[in-house]
Amino acid sequence: MVKYSTEELMVVTGARKIKDGNNVMVGIGLPMASAILAKKTHAPNANIFLELGVLNPSSSDFGVGLADIKAWQGAELLTSALDVLGMLLHSGKIDIGFLGALEVDELGNINTTQVELEGGKIKHFTGSGGGNDIASLAKRIVVVMRHQKRKLRKKVSYITSPGYIDGKKRQEAGLRGGDIEIVTDMAVFKFNVKIKKMTISSIHSGVNLDDVVENTGFQLVIPPKVDITPEPTESELKILRDEIPREIYTK
Amino acid sequence: MVKYSTEELMVVTGARKIKDGNNVMVGIGLPMASAILAKKTHAPNANIFLELGVLNPSSSDFGVGLADIKAWQGAELLTSALDVLGMLLHSGKIDIGFLGALEVDELGNINTTQVELEGGKIKHFTGSGGGNDIASLAKRIVVVMRHQKRKLRKKVSYITSPGYIDGKKRQEAGLRGGDIEIVTDMAVFKFNVKIKKMTISSIHSGVNLDDVVENTGFQLVIPPKVDITPEPTESELKILRDEIPREIYTK
Amino acid sequence: MREFSEKKESVTIEEAVNIIKDGDHIALGGFAITRNAISIVHEIIRQRKRNLTVSQSVGSMELDLLVGAGCVKEINYGGGSLDRYGQLNWVNKSIEDGTIKAHEYSYLSMIFRFLAGAMGLSFMPIKSLIGSDILRRLESKGEAKEFRCPFSGEKYVLVKALKPDIAVIHAQKADSNGNVFLMGPKFEVQELVRASEKIIVVVEEISSDILSHESVTVPGYLVDLLVHQPFGAYPTNLYGYYYQDPEHIKLYVESSKDPEKFEKYLNEYILSSDDFFEFLRKSTTLKRLAYLESLAKRLL
Amino acid sequence: MREFSEKKESVTIEEAVNIIKDGDHIALGGFAITRNAISIVHEIIRQRKRNLTVSQSVGSMELDLLVGAGCVKEINYGGGSLDRYGQLNWVNKSIEDGTIKAHEYSYLSMIFRFLAGAMGLSFMPIKSLIGSDILRRLESKGEAKEFRCPFSGEKYVLVKALKPDIAVIHAQKADSNGNVFLMGPKFEVQELVRASEKIIVVVEEISSDILSHESVTVPGYLVDLLVHQPFGAYPTNLYGYYYQDPEHIKLYVESSKDPEKFEKYLNEYILSSDDFFEFLRKSTTLKRLAYLESLAKRLL
């Protein structure tokens, strides 16, 4: 087996969540690398949408963010945010959305708005953008984040984007979806419709279960048998290394 | 004074309802001739909109209707019906709308949907199109129609487009506008916010008040002094005859 | 919405119409005598589809043909005509004698219903219809409700979203990604295609060049079935391509006034034609089509 | 909406900003570091407008500048940043210490609020926000209400329409009718200009040719004031015209972290500049602008 970095494993793991023909909403960074890799491997007919109105960009450099014109290069279509968020996402046509998080909690709720500093002061960050909309309305969600105890909290200090909110069914609250997975640099987690609490799905090769537990700010649901996260194949790694610049997912 | 036809008088009378800078919604036929004449005389900056998404056509032949591509010739902009009806009209930016009618009643309600035949059978016609929307939401309305007793009824058999409905204030019902005028081949009528019943505004030169009363299916409000409809000026008639083909408003 | 973004291969009219099932809800993109998807409508009639619900903002020849041929059980529409050529005789007759169930709206309320469907909303508020018999009838059927804005106190009517199974539109051009270029005023085509589950587009031309982003009215990712049929909107007009054929429309209007004549029209022009080219051959001449084309070019 | 359709004469930046009054509600068309109307924002700061309410779907450098310069009392926004160059430091700081009143939404709920304003609706239903603290805060202020569709029983949130006094956008090109060509993804510009009472558009070029119908993003009949200012979005990027200037944006981010540095930035680059060309002269060189242009052309 070829050696691979944790970032490469995360990109490949993200890519495998995308099915062929899926409509995918991503931001730039690691999820964009996953989406491009998916299109270059098992999901050539996936459609990648950026929320401000971009379809299938084919850039080799996504620059510094969604608003960087580098990220729109080679797009199959440039349209409006109303078309992407208002028509596709709001009417239920987005299959999978990738999100980042400042904090996530045991019920899958996401905070990208503010953190409480020591002493109770609030520090305000980016807020929602399309994040709340995607978390509310995409059929499936993948959250990609670094695994740190202060980021994986029992309860987020602010719900920007809903997971299972207070543990009820999302559908009863009026939301769509509910198939949520979290990919960190240590493991993959999922939310089970019955338990609705963060459950270990697999641990990355070489990572110790105790370390995962230690670095999580709440009690994880741990199934009797914990799998190892499926490793990248040689061909996935080859395509990733040859065709997708590292800067896309490591910047 | 130059001689003029009744149609010419009606076109000029309609044109004078348009103020410079007005956003005007018209169909083809006599109202279109009025709108073009207004732009060529006192209202050069009026914007003429067709409901399906056409701004300021400059055709000399509007063909057989809104859907005739002749009617879009020379347009300043071709856009969408949502832009014209959904954005401009619905948000209150249309100053004046011209409408036709199968029947109109003493409260200014318009029927373009169906007439009752003798024996109670229903004959179905064109229906609303944008008519109901324009009558509901334009700031001012001008109805252009032939003056016949069976068309000017005490109560229309079907309200396609609201006037003063059952005599209440339109604003209380939730509608905009309420400044309604009716131009027939005999006279001009208006609705007064206080009386809300069809009131003679002026009678065309050469028409007898008794004839107007006789040809109207309900009791008109007749002010103490009834004016003669202001006659076309020579320059209006010259422009109308030289620059606007008769076919536009007589077909 | 198509599941795959593979390069579009166009299909035949017959293949496209095969996806329509009896009882489906169809949205039509024409308006009176312009841009009608006549080629698809003929094939629907040939395939004897039944019990269709048809939604169209302003009724057209397409709608009247489908009603006349007995394909339709229910319509949502905002009125309509064949402009000065005549009324929608079959639609009107069928409303009068109750053989179809008709839900009548205004043009804008139909557009808002499509927009609601396009945005995944189950309803849309509107300020027109108030005080009309259109609303009175809709309310009595539970199709519309009055509503007061909880913020401003303004009065609205809530109308239901339209979510057709299949949108059928005719357009000028598509590229190999299925992106559609719709020349001329757009009417409500952008809303109705986005409201529909699947989309059939008939075009005059399939361009090997990819359209510029600005020229795209219907994004290719929404288009399920692309059909290439020159003169596919005949005898209605198509902006930039051909003028309507008054002679054939008048023939249609006369035929639609009388069931026997209409039966003859259906048999002669539609049912006995193998395809749309045969209909064209029976209805017109190359010389006349060339004339209608030249007229349309002059009107640009 | 302009009252007259006379051929547009462009006005100066100063004349355009003159129509903005203290306390007005402004909508901004930029997004993070792209297509910001920096030239107008500088003039607003120079004219020391106060107590503005600013609505922007995704907050940008424009918004942060206005907040930092003390022009703003209240914002409606859906979050925002300067992408990886940094956060909206002034916006964040002013929310933290309560010096501005902030109504936070999501991107789509902001778009729907503009769409409602554009269509003359006082509210719009939406399915996102549910279950979030965004909604909890809005509900506590009476800015949003839960609602159940009377037809389908589905749950919605009703959000209020936005009806700004003035929309400010930067675009690539306009023609002599005032029609605006917006290259690249449109974001929500089409909705926000239609929601606003008056519209200021700054363009890189005014074309003597009339734009084709398909190229028009903002119809000229909606445009009140047209300004010609090359590089008017600098240091943010403009699709097809120039790449952002990372050096200047980084300088801005550093300045915005510290009130003293920011005061210096304001004085040096904005308040002491007579016009936008002077700002450009102080911030960059012709050689660098040519490089940013060539970079943008390569990205088409």
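Each chain gets a letter, A, B, C and D, in the order it is written, and its residues are counted from 1.
Here is the rule we go by: a contact is a pair of C-beta atoms (placed from the backbone, for glycine too) under 8 Å apart; a residue touches a chain by one contact, two chains touch by 3 or more.
Please read all numbers here as calculations on a predicted model, not as lab measurements.
Taking each chain's centre as the mean of its C-alpha atoms, the one that lies farthest from the centre of chain B is A. Chain A and chain C have CA centres that are 41 Å apart. Inter-chain spacing, taken between the CA centroids of chain A and chain D, is 29 Å. Annotation: 58 Å between the Cα-based centres of chain A and chain B. In chain C, the residues that reach two or more other chains under the touch definition are 120-121, 127, 154, 156, 184, 213. Within chain A, residues 75, 78-79, 86, 90 each touch two or more of the remaining chains.
The touch graph of the protein chains shown belongs to none of the named shapes.
Listed by chain label, the pairs that touch are A-C, A-D, B-C, B-D, C-D.
Residues 120-123, 125, 127, 142, 145, 147, 149-152, 154, 156, 158, 160, 181, 183-184, 213-215 of chain C touch chain D in their complex.
Residues 20-21, 23, 44-47, 55-56, 75-79, 83, 86-87, 90-93 of chain A touch chain C in their complex.
Of all residues in chain A, those touching chain D in their complex are 50-54, 63-70, 72-73, 75, 78-82, 85-86, 89-90, 112-113, 121-133, 136-137, 158-162, 165, 170, 173-176, 251.
For chain D in complex with chain B, the touching residues are 1, 3-6, 117-121, 177, 179, 194, 213, 216, 219-221. Every residue of chain C that touches chain B in the complex is listed here, in rising order: 31-34, 57-60, 77-81, 83-85, 87, 91-93, 95-96, 104-109, 111-112, 115, 126-134, 154-156, 184-188, 190-191, 236-239, 243-244, 246, 296, 299-300.
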